[in-house]
Amino acid sequence: MGEAGDKAFFQPLSGMEVPRFAAPATFMRLPHVPLDHARIGEVEIGIVGIPWDGGTTNRAGARHGPRQMRDMSSMIRRMHPVTRRVPFDAANVADLGDVSVNPAGLEDTLGRVEGFYRRLAEFGIAPLTAGGDHLTTLPVLRGIARRQPVGSIHFDSHTDLNDSYFGGCKYTHGTPFRRAIEEGLIDPRRMVQIGIRGTMYDGEDYEFARSVGARLIPIEEFRERGLAAVMAEVRQIVGAGPTYVTFDIDFIDPAYAPGTGTPEVGGPTSYEAQACLRALDGLDVIGADVVEVSPPFDPSGNTAFLGVSMMFELLCVMTGALERRRG
Amino acid sequence: MGEAGDKAFFQPLSGMEVPRFAAPATFMRLPHVPLDHARIGEVEIGIVGIPWDGGTTNRAGARHGPRQMRDMSSMIRRMHPVTRRVPFDAANVADLGDVSVNPAGLEDTLGRVEGFYRRLAEFGIAPLTAGGDHLTTLPVLRGIARRQPVGSIHFDSHTDLNDSYFGGCKYTHGTPFRRAIEEGLIDPRRMVQIGIRGTMYDGEDYEFARSVGARLIPIEEFRERGLAAVMAEVRQIVGAGPTYVTFDIDFIDPAYAPGTGTPEVGGPTSYEAQACLRALDGLDVIGADVVEVSPPFDPSGNTAFLGVSMMFELLCVMTGALERRRG
Amino acid sequence: MGEAGDKAFFQPLSGMEVPRFAAPATFMRLPHVPLDHARIGEVEIGIVGIPWDGGTTNRAGARHGPRQMRDMSSMIRRMHPVTRRVPFDAANVADLGDVSVNPAGLEDTLGRVEGFYRRLAEFGIAPLTAGGDHLTTLPVLRGIARRQPVGSIHFDSHTDLNDSYFGGCKYTHGTPFRRAIEEGLIDPRRMVQIGIRGTMYDGEDYEFARSVGARLIPIEEFRERGLAAVMAEVRQIVGAGPTYVTFDIDFIDPAYAPGTGTPEVGGPTSYEAQACLRALDGLDVIGADVVEVSPPFDPSGNTAFLGVSMMFELLCVMTGALERRRG
Amino acid sequence: MGEAGDKAFFQPLSGMEVPRFAAPATFMRLPHVPLDHARIGEVEIGIVGIPWDGGTTNRAGARHGPRQMRDMSSMIRRMHPVTRRVPFDAANVADLGDVSVNPAGLEDTLGRVEGFYRRLAEFGIAPLTAGGDHLTTLPVLRGIARRQPVGSIHFDSHTDLNDSYFGGCKYTHGTPFRRAIEEGLIDPRRMVQIGIRGTMYDGEDYEFARSVGARLIPIEEFRERGLAAVMAEVRQIVGAGPTYVTFDIDFIDPAYAPGTGTPEVGGPTSYEAQACLRALDGLDVIGADVVEVSPPFDPSGNTAFLGVSMMFELLCVMTGALERRRG
Amino acid sequence: MGEAGDKAFFQPLSGMEVPRFAAPATFMRLPHVPLDHARIGEVEIGIVGIPWDGGTTNRAGARHGPRQMRDMSSMIRRMHPVTRRVPFDAANVADLGDVSVNPAGLEDTLGRVEGFYRRLAEFGIAPLTAGGDHLTTLPVLRGIARRQPVGSIHFDSHTDLNDSYFGGCKYTHGTPFRRAIEEGLIDPRRMVQIGIRGTMYDGEDYEFARSVGARLIPIEEFRERGLAAVMAEVRQIVGAGPTYVTFDIDFIDPAYAPGTGTPEVGGPTSYEAQACLRALDGLDVIGADVVEVSPPFDPSGNTAFLGVSMMFELLCVMTGALERRRG
Amino acid sequence: MGEAGDKAFFQPLSGMEVPRFAAPATFMRLPHVPLDHARIGEVEIGIVGIPWDGGTTNRAGARHGPRQMRDMSSMIRRMHPVTRRVPFDAANVADLGDVSVNPAGLEDTLGRVEGFYRRLAEFGIAPLTAGGDHLTTLPVLRGIARRQPVGSIHFDSHTDLNDSYFGGCKYTHGTPFRRAIEEGLIDPRRMVQIGIRGTMYDGEDYEFARSVGARLIPIEEFRERGLAAVMAEVRQIVGAGPTYVTFDIDFIDPAYAPGTGTPEVGGPTSYEAQACLRALDGLDVIGADVVEVSPPFDPSGNTAFLGVSMMFELLCVMTGALERRRG
């Protein structure tokens, strides 16, 4: 990690100095450090936007997620309220900008995203991503998990484990984790999904999960056993190995997160979501994302603010993992 | 129930085949079978819209409920996530269209609705209704409960048991259950209201309930005793007899259901609402409705989606009752 | 054309009989006649939705256009206010439903749309389409203009004549008319664009238009010469031959049409837009569309209502052409 | 008219003294003087709200008009920008509050409104009304035009001259002027409608107008002849006799006035609407209304502000008439 | 307290007599009694608006709070649903109007508010205030707590105990309670804050609280110990002495209260908020406020309705205290 | 001006390469060059945000203007559609970021803004500003017009020439041009206001304008004489001397620009506004601003897009002036 001077560069603008609504918006008011920036080599955790929703089968709009999340992230301050940790002191964090996607080219975009995250892997930058729809997680994993499958902690109301849509279409936001398992990017025995709910097509996705040894925790089980017990099991499932956390904003109830394309009623509160993420502390989280924030369905920006609040929790977890890896 | 061919006709369009935003909207993407349709005789459960809010004393708009609920119901899939039941396999369900109402004629409309439901009774179709304001439940009951009073399970933040408004007006959405008891449509000793809350006029409605033996469960009691205990009592109150379930969307807290005319803060979550309806399984539910969804107060459509999510739960309960009646 | 009985079938529901907010929504409250319907052979003009926006380079949402346009089209009545013509008396018009598209498959969808419109051509049905983004016009033309190039009257703020986007992507909503000319679907010397405005990339699209003999009428020329003179020239350009009219809702100023993905300020009013379309009377309009209505950017539905108001004008023009072809 | 002290009482609160968003909202920040107020006898022009939309055949919501119009009227200042007249100096103007209506009782409400306006007539107060739907104009006329029919200048996109709806319903917001003519409240030869447009049912209303000698000026004629010529004819039609002005906000194009229940595209601008009302100066306007502002369809309040801006113009015209009658 | 006649004057308009959307809006439909009104001397509890947000460091808009809260308060009825108390019977309550503030003058406004509340103190009127931003609580306390420091029960997601902003600015909505303690208006040992959460600047405010003996209860402690235990401690902290209750609407989760300038996710529900306020019964609450309702961020008005629902709870608590003080 | 390399740096990101919704938002997708950036010396025209609305007497929110205008400015392309000029080729243009303001300190902020613009003057950078409320123009003028008074072309619905508000408050957004004239920053004989309309306080501001020789052109005169004649006079009034253009978005009718704090009905269209600004070509415009865009009152962002469309026109005018000054 860098020196004092570097730290100053990587510090967010304070709302006590410059009002939150002022200045061009970057994630958490951090410096914008694109991949060709002189200081890219100093970055340890990179926040990246993937403004793309080409895999969306229902209501589009997640392409606008990164921009509104940058805007609302001005309301994030430096310090975690419970741990009092300041992630920006513990690691060099920066806004790496957005992947340059092709809104009219599905395969082209999958390649662009994979390429971008390969470069992050080369730089040794741990990625924290703001989607984009959930299909974007697939090329992220292709970029960072090529060498060995990772564990996956997946918060969502849907399994995203379907095989295909619309007569054979293999790549939609309903299929990425089927593909990731097939491609060996995720170790299904170290994979767990929390919060699954909503009416079902036919249960074939559940069957698939069972057949490969992945664990699904529907919302009813989450409520009955309680958050603490469930999260203890989650920790056990992924264990000490490298783990990716993927957080679909529709995990949280639509009262809290109306700005998403396929909401399902009966979900957790934002407080529970925070508690879930805080329970990941100590795991070796090597990357994470928050996806499916769709601004057109919540012009207020509150869903985006909820999303960046989740990103801050994930950033603190990732910072802890980074410090442990540093030893 | 019909044969294989019939079943294909009565199956909803799948979101895996045709995207949810495509095709003219019918309830749950079912076939539209008006009363003069050739196959009306095969329908077992009919979903009906009553686009009328002429009894509304406060903010109107529930007249637009059926249309937005049809639209949002495209997001309902085939299978129940807990029971894995597929109601569309268990019964022939169809969208019967809307009752043709008169927005400028209160008594005329009460007559039209009653007439429509009498015909359903003649066809032997169990109705699942999307309101409209809560006054619409009165003519529905007149149509289907003429022969014998039914039990009533009533989810609401208001009692709707007032006597009159505005100097003697007997028919508003604040009075239907007073009238239904007076007219012998509901057996008050088999009647229970859950979720009552909000500031009160004077308590005269509570007195009336007590005097006729109806049971009111305010939200505070609901919270203190717990959902399971309350719903066990509910089941005991209505017993094995024929029972109607009426669900005012303002039962659920306005954070979840902003699109309604007279919200009251401090209500249940959508998860609790689902749990309440799932607890009705096994009762002889012969009809049900979800009322007071008012789209102008929630252009996002999320309240309508919540409403149709409740309708799907009710449909599963009704399907079970139908199967038991079939023997 | 059919007999009296047929006419009754093809008449829209009247708002004087059934309130406009009642009944499942179809285009202009016409009967829903899918391609496998018994009476499809009687249809003369078919209104079709193409709920797809996979070619959209900017803000998506036009996939939701057909549904909201169906909803708002309940406010269309039978008779044209100036000509007093009733298009539903002059021709058998029906809502043919939506093309079944693939939101995650660009080429797949282009094929599906083309196939659908080939079948319409086989049935001899003249199509009036509700998009969808502007790329959808390309497969429509492929379906109906294979035999000979058509004239094209194009209302828009953009030329949609660009060559490619995002490093070689040939199919976006910014390129369809370049492709249509290249493929011989449109005769560029019988092609005119009206209302072009807004900041420009580099003018290469203008150059292309000039090189192939297509006529572009920017908004400044439209204002300076006046609507009557411009529309007289438009009529002259397309002449008596078969002509397609494509109407991008962003032709109209965003004050009138906020619900679209790429608005440009400084456009015509809705009154001028009506006048433009009325000036097409007498041309041989064999098909038409209204595209780029994007409901997420106008939850009020007013843009969709404006869109269906334009569709009604086009329907009247098409009905006139049909009558002339009948002789 | 009263003395200096009276005038101070009847002056609006200034936005230069108390900010516009402060203080309970009354029309134009005038004193609230209900009918039982000590100073009611001094009022010359009374602004009245009729919060009722029970005659609405399409989208309800005009019941909320008066409240939002009071709110937005805080932005009205004292002086007319062209004539430099201060109506609050020329007459004692007050907010008389709302008529106490019955939202679930059509005939009851018609009676209540008529009774209220009879009392205004007894007090010699000229009414300026904020609706409510257009049916409310009928009982207003019954209250003030019993003795002799008045002339009527009617700005609207609809004729509101239909005979009945929904199988014989004679009282809706589509019928009031048919009734008013039948009842002898309006002299049809001194009646003119301006701005009529939109698709038509069947033209029967036009026939009725012609048969009784009323004048209809469709928007196309308005545009072709020009505002000045049309308004000159309007003045000639009503002449010097007592005249009522009724202004349906849907006269103005929905880009300017989205907050209304039945918009029609292709209407005048707000500037033209102002010019129309300014052209009434010098006529004997004895009462006026602005109706059909429906806040649920424009939460921004801009339509309500447009409505009160029209009311200010009407107030200035009425003040002039009052001064002339004073001699 | 006054006699029968007085009581009638101080009774709210009933929604059973006059619909909720009718009549100019005052708080809870009470009479408007400005300070120069003849009956001001009879008022015991005065509801006051402070339409000012000049201390807001982030998103402004709370200046519009009082007006929208007046509007939505029409939905408050007479009787408390649990205690069945009618506060309007127990005390003379009136809407005193708004303090006349200066939106462009911070110090000027602080003086105006202080002066207004000094006059209330002279009249012996206990104030229930609708803000405005949280800085407005400071001059209220200056007005009513000059003689002796009061206890303070403070519901909020923020401490508002910061020292200064933007390079030495001592008066913002992030600093009022630091100032109130420094000025001796609040006794910090009788001060408690509940619900604190969200990312932190640096914890200096927490240090200050600890140093002066004030108690902070973060949301995590609130959840872990439970509402009952926490509120018991709250009662113990403030004891029997005179106590002020200040309620920032951002205490409640933004799913329930989106209409505020600086939301923090992970907050209590509206039911919990009600329970917290009901637990204050029996304390000597001499004044209270609900602040930071910001209508531009929730055009639906639901946040304002939540705010006035909290005000009704506070009114009942204040009425009880008043009765006890009467003996 | 710089060399080729410099030009590449100062070029906007193209929407044909990177989709418009991607990448952190800067004005017109230009590089962000804060005052301490290495290349600040090469900037010729600097786009600056002043996120401040502390002088607003009515509805606040313009503090959020710069951020939403940056967001929507992604839709601006390189080339002017009429002149085909590319301002980014003609001059080095950059986004200089926002002035660091104090939302709770009026005089502090006036000083900060003045200081910022003095530095721009030292760098020789011509400023194009996005407000902020109209009071922000005063310190801008203090920063750039100290040496000699400038001419002023002022588009607005209000004169902003009032003397004081709220009992002596000299600095609000209703007073800046009175102050600017008093301070000798504007030469009143070279000052012209276009579009003035709306109800008036008392006309004292008009008197002041007349007394100092400033020219006011109300909207009625604008319409009667026509845009061309008016703009010819405007050019004559300011002549060849250095001129500042200040554009209040409420100049344009609220149908086009709803997102502003104090709209006035009856204004020009966006097309007319473009024509007005294009008519300034050839004048020596040394600076310009677009103010009073208030995002909370138009969540759609369309008003902000209109604002940046006006900024693009102004940029082209300023670029022309710059080229002429270069000789």
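For clarity, chains are labelled A, B, C, D, E and F in written order, and residue numbers in each chain start from 1.
What we mean here is this: contacts are C-beta pairs under 8 Å (C-beta built on N, C-alpha and C of every residue); 3 or more make two chains touch, one makes a residue touch a chain.
Keep in mind it's a predicted model, so treat the numbers as computed, not measured.
Shared contact partners of chain D and chain E, listed by label: B, F. Counting every residue number used by either copy at the chain A-chain B contact, under half are found in both chains. Averaged C-alpha coordinates put the centre of chain D at 39 Å from the centre of chain F. The centroid of the Cα atoms in chain C and the matching centroid in chain E are 56 Å apart. Counting partner chains per residue, chain B shows two or more touched chains at residues 17, 19, 21, 57-59, 63-64, 102-103, 165-167, 253, 255, 297, 300. If touching chains are joined by edges, the resulting network of the protein chains shown has some other shape, matching none of path, cycle, star or complete graph. Across the assembly, chains come into contact as A-B, A-C, A-E, A-F, B-C, B-D, B-E, C-D, C-F, D-E, D-F, E-F. Those residues of chain C that touch chain B in the shared complex are 17-19, 21-26, 32, 49, 51, 63-64, 66-67, 70-71, 95, 97-103, 299-300.
Chain E meets chain F in the complex at residues 53-61, 63-64, 102-106, 108, 165-167, 169, 171-172, 296-297. Of all the residues in chain F, the ones that touch chain C in their complex are 14-17, 19-21, 75-82, 84, 253, 255-256, 269-271, 274, 300, 302, 305-306, 309, 312. In the complex of the two chains, the chain D residues touching chain C come out as 57-59, 162, 165-167, 196-203, 218-220, 223, 253-255, 258, 262-263, 265-267, 297-298.
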